[in-house]
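Each of the next two complexes has chain A plus one other chain: chain B in the first, chain C in the second.
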Partner chain A sequence: MLVTSDPMIWTGALFTLAVFSYLYAENPAWRIAEHIYVGMTAAYTVAYQFHNTIKPTIMEDMLVDGSWGMLIPMIVGLLIYTRYFPSVSFLQRYPLSLWVGYGAGLVMAYAVPPLMTQIVGNFRTFDSFDNVVYWIATVCTLIYFFFTVKRTNPVIKYGAAIGRWAMMIAFGVSFGQTVIYRYNLFLSRMEYLLTDWLQLIEY
Partner chain B sequence: MEEQTFWQKMMAIDRRIIYAILFVFVAIVMLNPIGLPIEISRDTEIYYNVVEELAETGEVLWLDAAFGPGSWGELGPMIEATLRHAFDRGVPVIGMAMWEQGGRMFATALNNVLEDPQYDHIEYGEDVVNLGFRPGGAGVVLRSATDDVYETFRGVDHDGNPLDDMPLAMQTERLHPDYVGHAVVYESGSPGGPVYVDYVHEPTGLEMSVGIIAMSVPGAKVYQDAGQYVGILPGATGCAQYELLIDHPGYAVMTQDVISLGMVFVTLLIILGNVGWLMTRQQAQ
Partner chain C sequence: MRKELPLLITTVFGLLMVFGRWFWLGQLWGIESITDQWIIISNGFAVAIGVVNLTQLHGRNVQRRREHWPYSLVLIVAMYGYMAIALYETVEGPTATWLYDGLFTPIGSAMFALIAFYITSAAYRVFRVRTREATVLMICAVITMLGMAPIGEVLISGWHSVAEWGMDVPVSAAFRGITIGARLGFMATAMRIILGLERAHLGGYGAS
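Moving on to the complex of A and B:
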């Protein structure tokens, strides 16, 4: 048989076509697919987090291993919901403060050394054409952002102009890569329709 | 009413016509591949050599699926090709996921590869393990590197099976050069490769590479230039080259014709749009 009889693949194919139908115009098929997708994603996330975090923390860590200290972060975490009760809503700041502090500490401890490595990586020997271009583009891009120096100085003026071109080329490359990525997403669904659903292609 | 010029008509063309042309064009090229030549890039060669070097040392390859179903088209085939390469060369593989749906992505790729009778000899638990996802993002990676993989993943794999029965998982105590030879992150956003740079590569010295979606390639180059990434497998194009290197052309190779010709089509549209804009502006003046 040319078309698959697998109901799961049929479901995937029909939903794919329903989403594609939005390209023509907004319609009920698209809206059904959109709502089901959002609903299923939310349900999946809640169920996954429950079974992988909340349930094992309570059933294993606390009830089996006796790690009752877990109650403290749990209670602190639940304080975030006090925002729905105006009289005690100030309590929501505690979990947020802890979270921001944790994030800032983690970043300060671990993110600086890699950044320094990248800065050092910009210092290159002029042993290849690529490295010379790289150096000129980097320096000129930095010059472009010297807003405290007047552009009448020829070094600043022409350096900033080259820097502007360097950035425009970089943005162009990023845009091109983004187009390819989006195009690949489309190809992925086309491949699904032609291979898995219609079974017109074998590889 | 004034008659529209050719360029005015082109500028006002209904975008749905372009979608329809692209849809038909892609279907035709996919069904009738031309077989345009695929040149192997230096980046793909470096990535290929990572697995080859692990085959000589016998060290573990650690893979992280940091993406969801939306990026399967580019990153899924990369994991499949890497698993095939690793299994062919006897490299043990441990998979995990920083993204919630990444564990499922890795499991799908692994199942697709293990369906091939060529890999009937691969034993789950001895040759490959899928640790799956644990909530915590960067924290999970940091804890795996500094503390204990077993504890971090609560002693179970993606499907909830005990790691105690899996020799490979029990031997790999930490995400550290003492236990792992190389880490590869397949990323389509954040958290992704930079998390491993910050919490694994810099503190422990573990070498790492990334398999990334095409739009992230320019950003990843900074890390490679600084020596933080060894290899970068860039998008479906890089994956197609890799599939050829391991002598197993698959989905990525199949899409290369349609990507190349599609880009020509899109480029023509961009040129047409710009020329049209200039012409209509001239006429307006």
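Moving on to the complex of A and C:
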């Protein structure tokens, strides 16, 4: 038998085709796939958090270990739902403040060592063409972002121009890598259709 | 107090993170692990906001029989159906895994693969712009693509080494410059948030 009889592969293949059908035009098959994907993403997040955070917090931390202090973050998290009740919707600011404060603190606590590594990595001896190119490209890219200095000084003016070219090269390479990565994904889907589903190719 | 207290929470929590990471006493008291736990728990209890929002939006579409409402119904059925199964048997349960592998993964991969076609048309549009910067960008993109695909080495021997040099030296250098700039930007923004100068998250717009 050529085509697989596995219902899971059939489902996967038909939905892959439904998504690819969008290349022709927007159609009901694509829309169904799109809506299922959005719904499942939201549902997966809730189910995952329930089993990995909510259940252990209540069943183990609170009921078994007696860590009732966990009630505070629990209540703070739940305050986000006050946004649906206009009279108390200002309470949603509390969880948001907590998360934003945490994020800002995380940056202040952890951003310095990698930043220093990046800066130190740029101290190179000018003993090779590569090192000279590397140093010039990094410094000129940084000069490009000096918006507080007027670009009348020739060092700043030409430095920023070189920096812009260096960034164009970097963005071009980044674009090329993204294209290749997406094509790899496309080929892997084609491989799935031709090998797993239709079984036209055998390894 | 509707804005002042949240502002104070932001500042205190931001400073706590710094204290927990950089100060001996903060490390001794294990502040970092406590704050991490608080964030994980508060996030865990807040994630259903996505489900609530989707239910509100698509439920209204179905209720009022708006255009394309059957798709909204599909979304609601898929969402609550999968959620009921995954809540009952965990996301690693047999039915949940089947649905994940048979529906979620193929649709997600196909959607990302679809971008290959759009990115190609984007490349064509960049070519049509005909500025010097766009030309350099596209030449570098083509060099990289040929360097990463087997055909590049077949067409021109040593092509792969050229692409590799490009990635190791000028590209890596430019990205280092961008990274240093971005990190400094992150730190400046974080500092503004901790000092209470940035209040957009409290419902205002922009800085004070």
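FYI, the second predicted complex is superposed on the first by the 182 of 203 C-alpha atoms of A that agree within 3 Å, B and C clash if a C-alpha of one lies under 4 Å from a C-alpha of the other, contacts with A are read in each partner's own complex, and residues count from 1 in each chain.
Operating definition for what follows: a contact is a pair of C-beta atoms (placed from the backbone, for glycine too) under 8 Å apart; a residue touches a chain by one contact, two chains touch by 3 or more.
Computed from a predicted model, the values in this text were never measured in an experiment.
A.B. asks: For A:Y158, select first, second, both or neither according to whether it touches chain B, chain C, the two together, or no partner.
C.D. replies: After superposition on chain A, A:Y158 lies in contact with neither partner.
A.B. asks: Would you sort A:I201 into first (chain B), second (chain C), both or neither based on which partner it touches?
C.D. replies: Only chain B is touched by A:I201; chain C is not.
A.B. asks: Could you say whether A:W68 touches chain B, chain C, both of them, or neither, answering first, second, both or neither?
C.D. replies: A:W68 sits against neither chain B nor chain C.
A.B. asks: Looking at A:I180, would you say it contacts chain B, chain C, both, or neither? Reply first, second, both or neither.
C.D. replies: After superposition on chain A, A:I180 lies in contact with both partners, chain B and chain C.
A.B. asks: Decide which partner touches more residues of chain A, taking chain B and chain C as the two options.
C.D. replies: C
A.B. asks: Please indicate which partner A:Y110 is in contact with in the superposed arrangement: first for chain B, second for chain C, both, or neither.
C.D. replies: Both partners, chain B and chain C.
A.B. asks: Applying the touch criterion given at the start, work out whether A:T45 contacts chain B, chain C, both or neither, answering first, second, both or neither.
C.D. replies: After superposition on chain A, A:T45 lies in contact with both partners, chain B and chain C.
A.B. asks: Kindly classify A:F85 by the partners it touches after superposition: chain B alone (first), chain C alone (second), both, or neither?
C.D. replies: After superposing on A, A:F85 lies clear of both chain B and chain C.
A.B. asks: In the superposed arrangement, which partner chain does A:E191 touch: chain B (first), chain C (second), both, or neither?
C.D. replies: first
A.B. asks: Give me the intersection of chain A's contacts with chain B and its contacts with chain C, in residue numbers.
C.D. replies: Common to the two interfaces on chain A: residues 23, 44-45, 48-49, 52-53, 106, 110-111, 114, 118, 121-122, 170, 173-174, 177-180, 183, 185-186, 188-189.
A.B. asks: Under the definition above, what is the set of chain C residues touching chain A in their complex?
C.D. replies: The touching residues are 2-3, 5-7, 9-18, 20-22, 32, 35, 37-52, 54, 68, 71-72, 74-83, 86-87, 90-91, 96, 98-117, 119-120, 123, 133, 136-145, 148-149, 165-181, 183-184, 186-187, 189-191, 193-194, 201-203.
A.B. asks: In their complex, what parts of chain A are in touch with chain B?
C.D. replies: Residues 23-24, 44-45, 48-49, 52-53, 56, 60, 106, 110-111, 113-114, 117-118, 120-122, 170, 173-174, 177-181, 183-191, 194, 200-201, 203 of chain A touch chain B in their complex.
A.B. asks: Name, in rising order, each residue of chain B that touches chain A in their complex.
C.D. replies: Residues 16, 19, 22-23, 26-27, 30-31, 70-74, 100-101, 133-135, 138, 142, 154, 194, 197-199, 201-203, 213-218, 222-223, 225-228, 235-237, 249-251, 253-255, 258-259, 262-263, 266.
A.B. asks: Using the touch definition up top, name the residues of chain A that touch chain C in the complex.
C.D. replies: 7-9, 11-13, 15-16, 18-20, 22-23, 31-54, 57, 70, 72-74, 76-78, 80-81, 84, 90, 93-112, 114-115, 118-119, 121-122, 130, 133-142, 144-145, 163-180, 182-183, 185-186, 188-189, 192
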